[in-house]
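In the two complexes that follow, chain A is the common piece, with chain B as its partner first and chain C second.
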Partner chain A sequence: MNQISGVQPVLQRSYRLMLLPAVIAVLVFAVLPLVGMFVLSFTGFDLVKGWDTGFTFDNFTKLASDKRFINSVWVMLALSVFGVIAQVIAGTLIAVGLEKIIPRWRHVRGFFVVPFVVPHVAVALVWLSLFTPTLSPINAFFDLFGITIPAFLTTRWGAISAIVIADTWASFPFVMLLILAALQGISTDLDEAASIDGATKMQVFWRITLPLLKPALLMVALFRFIETIKHFPLIYVMTNGGPGRATQATNYYAFIQTFQNSKVSYGAAIAVFLFIFAAIISFWVARMNARLSDA
Partner chain B sequence: MTLTKLTRLASAAMATVFTVVPAYAEDLNVILFSMPYTNGLAELEADFEAATGMTANIEVVGQDVFENRITLSFTGKTGDIDVVHTPVIQVQRWIEAGWLQPVTDGVNGMDSKEDILAGPLDAYLVNGDYWALPFFAETGMMAYRKDVLAAAGYDSPPGTWAELVEVAKAVHSDDVAGFAMRAAPGQGFNMFVFPMIMRAYGGKFFADYPNDLTPALNSPETLEALNLYIDLINNYGPPGAGNFNFSEVAASSQAGKLAMLVDGTSIAAQSIDPGKSQVAEHMAIAPVPEGPNGRSPAIAVHGIGIPADAPNPEASFKFIEWATSEETLTKIALAQPYPDFTRASVAANPEVIAKYESINPDFLNVRVDMLNDAIGHYRPLLPQWPELGAAIGEHINAAVNGLETPEEALAAAQDEMAEILAE
Partner chain C sequence: MRKPKSKNAFSWKQAAGVTMMLAFLFFALLPIIWSFILALRPENRLFEPIWESPTALTLANIGKLADSGFPKALLNSFITASVSTALAVVIGVPGGFALAKGRSSRKFLASWALLLLRMAPPVGFVIPLFILYLNIGFLDTWWGLIGAYMVLTLPLVVWSSWTSLSQIPDELIEASLLDGATMGQTLRRVVIPAARPGLVATAVLAFLLSWNDFFFALIITRSDTVTAPVAIMNFVSYASVDWGSIAIASIVLTLPTVPVIVFANKYIVQSMGGAVKG
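The block that comes next holds the complex of A and B.
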């Protein structure tokens, strides 16, 4: 007993020491920049005009009346909500299909992961050419039958759909992988019991599999939602925020203010908004998740 | 074994990247971003040493890396850059930020000052001082398919924008679109080309630039120009033209799907290049069309200047004088795809003429004519221009794609100009 209580603190201390590099890394690479961003957002730093270090709320009051910013929030919500819905549905269907319906095809899983490892800039370039009617093989194919496909990137909802489609293609494998993992955690006994009682495969999916997947679905939707808030390469390459400002999402707008207009502090204020927004969503999802687990 | 090699290679690479070359009085650090001229210049380091006895480390990087590198150096006042790539579109912003030093005395003392094309040089004349020497002047140009126009009964290219609409209408078909021009939003995208129409119709950005900077975009003249631009892109452009940037314009032309285009010289050059275009033998070059208010070809100028904290300005000036000299420009014009030189003597050089005439006989002549017609403040030379141009460009693009009416777009753009200028 004595021996153990003597060893324990030593062990604990060395465990703590082992954690130290990770803690330092998080402090230096995550916490410090975050603190810097908050500090910047309360000052007036302009790359060209110089640094007005006085404390000010100006950046945040300006946000409230900035029409371009408000527009960017709506654009972001549209891209995120539609994007997450599409990715979760596509990823879940493919995961359930691979696991339940055609389990023999398991070895093709690797094939479905391919889009996930392609860098987003490359994804954007590929989809840009697919959505540019003069370059697109899809348009060329339909032209053979005299069918003209409308130009996606020149209308508001077309451009938003184009980015959602490209993002869904690139990101559904993430959803698929997490849902596959969750499916493997669900005992097959439940399926078997249900089918012995006469349930059809569809009934098993709706009544048993899907409810059991709920916590995983929520988590994966949250991850994807936060990721879609950070949309950048797809917008930058595919639309430049256009047509007009139809795809100028908040993250892209922060980039414009910071790097194009040199308004670093204002850009930081937009980033602070995004941070708080993501934090609120995460908190809300975590609470929902807790309620689900309790139930 | 391989791993050791790799590690060694990696550490050597890191050393190259992170070694700060000490700035001796006669050892200059030059930072430029990649374009045919700068790539050509980097190969002539030895020539510079032979000519002046000084050495130069010419570093050519991508434009985004360049922006980061100079912003860090200039805001940190490190003084580690002796000569810097200075695009005219940034010059006002840099001057306001105190990042550049004037080169007026040096320029006025040059024997060959008269040989430098006036438009590009004057673009660097701000507040009575010169801030850089130009090495690149791109201007606007039309490229067109002779065969397509001839088939519709046109023996010569349209001379005015109104005629261009008429020709576009006559030649437009499902296979070959009548016309294309940049439409993607951006001060360097649609705002590089749209002012060619706007100014031809008498539209302007300000009441009386540079004396009275009251926004004057929302005028009947600009509206007429915008309507023509929208008509051309939406009715006679290839499918999806409302999102076209220069690369899509060039690609459509090279694939033989375009009858006419108006863009910068480099895009026009690509569209007539036999190595790139499937229809090069049918392509021809023509001046930018005129309007009721004359002709206003686009202009984009790049030059090299001296950072405010460069430790040895005399040595830096010797470098920029050498880099923009007749001899250096001629060498690069012959070695690189670089028809955008800024000296009259280079344009008169028989070897240079022979090289570019072999691609297209009219190219150099039309280019010089267009440069003479271009005004230095084609895009206003203001520190806020990048921001203004982006905002206006977004509304123009919204009008082209039907998100706003042309009237709404101009009114909204003018309001935003006022807001940006008031800050």
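The block that comes next holds the complex of A and C.
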């Protein structure tokens, strides 16, 4: 051991040398673009009119009174909140079901993972086909009984539901996998003790399993929340922000301002808003993670 | 009398539970099965319910896809995803190792920075990259896209190799160093082999992040280096949507992701979520 502590300073230096390329690469590839984003947001860059490099706060003051921007924040929150709730409930129910209801159907587990690996553009396209009334087998099936399914994508809340459903399909496996891992970390002794004391399965679930899952559930929900903010292919392919502006979430609005309206700096300011949002949530996650690792 | 009754009630609950699981299974599999049906239906039967002509199937869409620009787009996807993953692993794994085993007072800062880079909205990265690439002629090039994918892969690789290499016992590293190996040799010959499953899972996930990307490729590529997820949209036009080609292209695009299902175990979970404990 003495030998080790003798070489400690040398060791620390070689650790730093190993870290150096990663630090440089992260700075060049990831941090530099972010600096560019901030610089653009405080200047006036328009793909048509060119770059006015003088410092300005205009982009941000404009944001505050832009009705389309405020609408986009509400859309984003609706997609995120409903999406996360649906995914966490479905993923948790399936994870608990796999462990407690059908523990012997081992091979079924793989089927539930499939949606997770499908590229989002493919997810968007297959759900677009399922929500196209003339094509969808769901509509055709209900037609047999004379029931007409309304066209989801033509109404405000229908379009929001359609995106939430597609996103839930693609993302419940993520929740399921993490909750399964957490369930396997919970000792079964407590369950057994409770059932010996006469608790029903439901009581065991509500009073023991769920409280023990709370940290994992919060973490998963935060992870999913941040991912839902970044929705792009689902909106681009399924609704294109419509009908009207019903599904034009903030991330999508930044894309439209930058690449369709050529207002680069204004788009960058919207991106800064989203970045600050992500910074707050990631700080929360990092702190929870540090606590869980120490525990 | 009481015993059989309670047993009966129990099995009703069991049946309800199994029904719920079957309903979820149906939800999970319907779009997959539907994709295969779309891919195999002849064009003139597309809008006819499958139960009215269940045997009207064709392989024509596969040939059509092979003759389109899609195979080249697949090659673009494969090259850019592979190179960005390889670079991220070569640069990122030693960094993750240093964070896992080195002493530093700034580890919390590092973990927050890495998480933030993974969570930050891509639109924030892509706007400055687009302006930069426009000026240096990097739009629609492999290197431009690889540079953009480093934004996705590098933070993931550093973060998750940090997580999986923390579990290597210190004694193993000390023993190797006492035997006279250098730090680089220890990493290559001792640490990486010991952590192989976790690191393979990390590389697979990094590859998938680039492979599945739609947003970066939509903005940065045009015709030459267009990747498969963006090329699928060529089958959608204002006049009509070529559902058969879309479905078969989606299936081909999803095939390389199948190893993840095989790997869907604790390693993938670790790489995705970090240290989530019950």
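Points worth noting:
To be clear about the criterion, the second predicted complex is superposed on the first by the 275 of 295 C-alpha atoms of A that agree within 3 Å, B and C clash if a C-alpha of one lies under 4 Å from a C-alpha of the other, contacts with A are read in each partner's own complex, and residues count from 1 in each chain.
Assume contacts are C-beta pairs under 8 Å (C-beta built on N, C-alpha and C of every residue); 3 or more make two chains touch, one makes a residue touch a chain.
Everything quoted here is computed from the prediction, not taken from an experiment.
Three-chain overlay on chain A, with chain B and chain C in a clash. In the superposed model, A:Leu40 lies in contact with chain C only, and not with chain B.
Touch criterion met: A:Ala25 reaches chain C, while chain B stays clear of it. In the superposed pair of complexes, A:Leu135 makes contact with chain B and with chain C alike. When the two structures are aligned on the shared chain, A:Thr239 is found in touch with chain B, with no touch to chain C.
Number of chain A residues touched is higher for C, counting chain B against chain C. When both complexes are overlaid on chain A, the residue A:Val81 reaches neither chain B nor chain C.
Residue contacts after overlaying the shared chain place A:Ala193 against neither chain B nor chain C.
Once both structures are placed on chain A, chain A residues 134-135, 259 are touched by chain B and, in the other complex, by chain C. The touching residues of chain C, counted against chain A in their complex, run 13-14, 17-18, 20-21, 24-25, 27-32, 34-35, 37-38, 46-47, 49-50, 91-92, 94-99, 101-103, 108, 111-113, 115-132, 147, 150-151, 154-155, 158, 174, 177-178, 182-184, 187, 208, 211-212, 214-215, 218-219, 229-230, 232-233, 236, 243, 246-247, 250, 253-254, 257-258, 260-261, 264, 266, 268-269, 272-278.
If you check the complex, the residues on chain B that touch chain A are 67, 71, 75, 93, 96-97, 184-186, 189, 238-243, 245, 248, 251-252, 255, 257, 383, 386-387, 390, 394-395, 397-404. Against chain C, in their complex, chain A makes its touches with residues 3-4, 7, 11-12, 14-16, 18-19, 21-23, 25-26, 29-37, 39-40, 45, 90, 93-94, 97-98, 100-102, 108-123, 125-127, 129-130, 134-135, 137, 140-141, 169, 172-174, 177-178, 180-186, 201, 212-213, 215-216, 219-220, 223, 226, 229-230, 232-233, 236-237, 251, 254-255, 258-259, 264, 267-268, 270-272, 274-275, 278-279, 281-283, 285-286, 289-290, 292-293, 295. Touching chain B in their complex are the following residues of chain A: 47-50, 131-135, 139, 148, 151-156, 159, 239-246, 248, 256, 259-262.
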